[in-house]
Amino acid sequence: MENSALGQYAILLGLTLGTVGFVLCLYAVARAIARTRAEPGKDVPATAGSLARDPVWVRYHARYYGYALLFLSFDMEMAFMYPWSVVYRKEGLVALLDMGVFLAILFLGLLYGWSQGALRRQ
Amino acid sequence: MTGSVWELFFLVFFGLAAIWFGIVVFRTHSMVRSALALLFSQTAIGAMFMVMQAEFLGVLQIMMMATEMSVMALFMVMFMMDPGGMGAMEMSHQKRLSLRAGGVGLLAALAVSWLADWGPAAASIPDASRQVELLGIELLGRSMFIFESAGLTILTSMIAATMVAIAPRKPGGGT
Amino acid sequence: MSIAILLLTLTLGAYFIAVIEGWAVHGRFSLTRPALSAVALFGRESLLARTPDRLFFEAAPVLLLVAGLLAVAVIPLAPGLIIADLATGALFLNAALAYVLVALIMAGWGPNGGYAMIGGWRFLGQFIAYAMLIVMPITAVAMRAESLSTTMIVTSQADLWNVFYQPLGFVLFVLAAMGLAWLPPLDLPNAPGDLAGGVEAEYTGVRLAVLRLARMVIILALAGAIVTFYLGGWLGPWLPGWAWSVIKMLVVTTVMLTTGRLVPRVREADLLAAGWKLGIPLALANIFLVGVIALVVDI
Amino acid sequence: MMHGARTGMRTGLRRLIAGAMARDLCAFVVPGSDVARARGLDLARAGLHLAATPRHANVLLVVGTLPPDLRDAATVAYAQMPRPRAILALGADTLAPLPAADATGPLTQVGLVAALADLRRVVANGAFAAKVTDFDAPALQTRIEYTCPMHPEVISDEPGNCPICGMTLMPKEASASSPAAHQPKQSAPAHQPPAVAHAAHGHSTHTAAETPAQYTCPMHLEVISDEPGNCPKCGMFLVPVDAKPVGHSGHDHHDHHDHHDHSKHVATETPTQYTCPMHPEVISDEPGSCPKCGMFLVPVEAKPEDHSGHDHDGHAGHEGHAGHSGGPAIDGIEPHFMSMVNLTRDMPASADGLKMEWIEVPFGPFFPGLPGGLGLTLTLDGDAIAETRVQSLVGGSIAADGLTPAEFVERFADQSPLCRVANRQLACLALENAASVAPDARTATARAAAVERERIASHLGWLASFAAQTGLVWMERRAAAKQLSIQAAPVDQIAANAASLRAFLHRVRKTPLLRAKLAGNGRIGEGKPVVGPVARAQGVQSDARAGDWVYDALGFQVVTGTGGDALARLHQRCDEINQSLELIARAKELSVPEPQNIGTVTGQGQATVETPRGAAHLVVELLGGKLVTATYRPPSAAHIDLLADLIQAQEIADALVAVGSLDLSPWGLPA
């Protein structure tokens, strides 16, 4: 097993391609057993015994966009926390204070969103 | 030297995949397909980082782009007409202007990549865990100011997003 | 060669998880039922909706299985027994499991059906609720281990398992993991009561078999992640390393699959509110706490 | 040979798979698992797994005889099951559109087990067959309709342009059973204020198929021409002059037109060029439709700068109702960019002010957790309910003319399978009332005990489907087992497992997080006509048993709760189960109501019985010992009308829990 970093990535890529190949083999076996017959009403998405033929690709009204916007910012914050967490124990107190300030700033943003009613079902 | 030939091959392969997904973003009529094409284009770029042995950057790129492009897909579906692309309407506007802008951008990128002095190629690359540590030390050392100002910009983005998107509540509303 | 053995043990683990889920749902413990239903699924037709997004509909189960397998690839069963020991293993696990969200959005949007689409976007809401509660506990674990590599994380727990070192992180991570694998009570995307199968409703035949296999692998990956981050991976007296890992993973899976069903399905509004108003402050507190302990105590 | 087989020779691998399928039967129960349990079928013990959707099932289990509407719905469910699929019919005489059943049996547990055994054999042998015929049925037929991507309500039978925006119409499948293309959807405009017509249901315009003599422009009536085309002034699609369909687009436009002050319309400026709202690069000198998307071209003023100044309103007004051309030219964005503001001008805004499109999703007759046979169609705004349409597919009164009393009692009991004993009691009391004959105290008490036993079984059945809906699998399994055990149990056996039933109910109330899921959900306002446990959960003392001397002898008091939401209804039904257990213990004797022979009597009789869902009322008319008419008012009739505003603007999960908490019985409702 190659232990160099690139070797690991090659294994992962091989795993991905192998999985796709495995699934294609499964599909091939299933198709070999029998084919799917097209019959009236069979291709309409099943909605509890009644036919709903209208397409449903409309502008979906999600109610959690308040959370989604704050999530984007918190996700950016996480990108900074990983390298910090790895060197935290070596750096000691300065790391704690540094990240403390960073997290306090972002917690401020969360409190602001919370107070303005972003964290609820709009 | 066979390693670097494979590296070059995969670098080019993922580069072309990124470009092809980038093209699909504008060719397709369905909004969700366009958003997820952008997602997989970023994943291809993340894979390029990993081929260039910048593991932390690559994995971070793959992870964060997956989630944030999905949230973008939701907003595209919410606010674009006919998100499923059923009507196959021609949605591109200002074609001449954008073609010219694209051409200028391409030339600028090529110019920077060819003309800038990148210095000698690094002979030995620190291994992945060392890279993460170096990045951590960099964050806490020389670039602490950049790190904290990044925190402030994220804070302003939060406040701006909330002010724009959330309707001001009637006074005395619940939490 | 060892990768082949690893893959074999992992498929056995996934099969045993299917047996446990069958027992949790139908109340009868039968070793053969998952095999029977898998073979039966092979024989059934694999249907396609009338105006589907064919690419999404086909890609979703495969992407789900790839996400599950890549996540399992970085889980160490024993000191040398790991498919890909990356230096940023914990981060890679999180990156792979982020594609579960992408796959479910594809599965939801693909068939152009009412239940599936609503199920897909509801899972995005559920993701936004649990996303931070997966990332922040991993940061706390990496702080103690001073590395993102899963093997280093396990060796760092030699003196004290993380479940005792940072119990708050453990609780948050387990709840977020149940959300990620959409196990009841957080089965919003395929809620049988609200959406009659939701995201999984339009899959039949061999595609459904791949989707269910992918779900089992994801549950296995999450159980592996919980064991690696919090329950000391292969560490344990008497038994060999890989035996401890397998036992712990099966125990964690059984707990996740059975205790979840004792509680009614959580409402999406409550899940989001709990995740953001309660979960994130607790996660930040957990990071701060671990930060202080890591400086004071040097185990 | 199975009708639902797949094509393929029965080789080794296929025989193995067929064998596996025979042992892994997954059933989609029609009309619903609640009816199957009420009829005494224990599907879990028979080794049958239930599927939430026909896609995951390979057996269609038909329980009892289905009314015609429900048979069509069962045909749809059967058509959507992947092959190989089988039909198991228990106690069903006609399956009409469905093919012949692969295994049949009487409607008993023994019949189910026997039918399952030979169904496994049929599936093992017949899953794959050499020759297979497609399954087709009238309910599945489809017609191709053409609709406009931006105005789904514009429907026409042949390709063409949308009368509102001129876009080329897209082919779309429509089921034959839906109203014909030409009738505008009556349901939409009825409760939509005509001025604010929602785009998904909005302008009920449609292209007139017949070809009247002349054409005119909706906004410039002075323009008259003999053949269809575009108006020279504004490019609008010319519409027939004399055709008078309800949603005549011109009329609609006038209506829309009045919005903007007609007098301000500047008639003098003569636009020279035309462009497409969505493709400004398309410039042409005369009106027509855009080559790219088919939208009609809108006039472009030569000098946008000074024009936009003084006749701004007119300009915007003119642009506004001319369809979807953009507002005044903003620098950087080309003129006439079709902004979403214009597109969603007429849509109703949701609670948070966004104007989104609605989709119509049926939670139809066979939805897991909802009562079988309840046709619920919700118009969803995202995951919240915008409109509700509920109808019973199993309604309709029974033809009582010329039946003997015994036949009438049997027929009336079978009409609603969820409360058969209560219906028998109701029929017997009404007949005895007509013959003014009173049963003696012993049989009356025994009959009351039988009704109470069925109340316990019905509440446990409701608890099982409510638990299935909220995701509590253990509670569903336990409640179903207890319902089946108590349904036909003699008095001593009921007393024996009363203690375990009370312990189970105690654990049900103590389920963690149940309050978070149910509290405040499905609350009905004061003063609404509510009956039965739903009313008593609100504190209303309405119970038909209160004045009855039989119940007074058994020491009956009306049990009420407080709160009136889904949680209070759960506690109320648990209290009523405990109370019924005590009543049965005191009655000490139990017998199913049998009609006394009342000889040849003429006259009218009426009776009221507290069924598990509320007071049901029956009036019978007899002529010489034979029935003439029977008018029956089921208890759920009141709740069906409350449904619409009960779940208005609720999230789907809360709405379905609220609907489930009402414990509706669609059987016997007026159709």
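By written order: A, B, C and D. Residues from 1 in each chain.
Everything that follows uses one rule, which is that a residue touches a chain if its C-beta (ideal position, glycine included) is under 8 Å from a C-beta of that chain, and two chains touch if they have at least 3 such contacts.
No experiment lies behind these values; they were computed from the predicted model shown.
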Between A-B and B-D, which chain pair is linked by more C-beta pairs in contact? A-B
How many angstrom lie between the CA centroids of chain A and chain B, rounded to a whole number? 15
Chain B and chain D: spacing of chain centres that average the CA atoms, whole Å: 45
How far is the middle of chain B from the middle of chain C, if each middle is the mean of its Cα atoms, in Å? 26
I'd like the Å distance between the centres of chain A and chain D, where a centre is the mean of that chain's Cα atoms. 34
Residue numbers of chain A (touch at least two other chains): 5, 9, 33-34, 36-37, 42, 44, 46-48, 52-53, 55-63, 68, 70-71, 75, 78, 82, 85-88, 90, 95, 110, 114, 120-122
Multi-partner residues of chain D (at least 2 other chains): 6, 14, 17, 53, 55, 82-83, 173, 352, 354, 356, 359, 361-362, 367, 382-383, 651
In chain B, the residues touching two or more other chains are 30, 55-56, 60, 67, 71, 74, 77-79, 81-82, 84, 86, 127-129, 132, 167
For this assembly, give the contact graph shape among line, ring, star, complete and other. complete
Over in the complex, which chain D residues touch chain A? Could you list them? 6-8, 13-14, 17, 30, 53-55, 73-74, 76-77, 79-80, 82-83, 128, 132, 134-137, 139-142, 152, 172-175, 177, 200, 350-352, 354, 356-367, 375, 377, 381-384, 651
Interfacial residue positions of chain B with respect to chain C in the complex: 30, 32-33, 36, 39, 55-56, 59-60, 62-63, 66-67, 70-71, 73-74, 77, 84, 86, 127-129, 131-132
List the residues on chain D that touch chain B in their complex, please. 149-150, 167, 170, 278-281, 292-293, 334, 337, 340, 343, 352-354, 356
In their complex, what parts of chain C are in touch with chain A? 2-3, 42-43, 45-51, 61-62, 65-66, 69-70, 73, 83-88, 91, 109, 111-118, 121, 124-125, 128-129, 131-132, 135-136, 139-140, 142-144, 146-148, 196-197, 201-202, 205-206, 209-210, 268-269, 272-273, 276-277, 280-281, 284, 287-288, 291-292, 294-295
Tell me, which parts of chain C touch chain D in their complex? 24-27, 33, 36-37, 39-40, 42-47, 50, 114-115, 118, 121-122, 184-185, 187, 191-197, 200-205, 208, 261-270
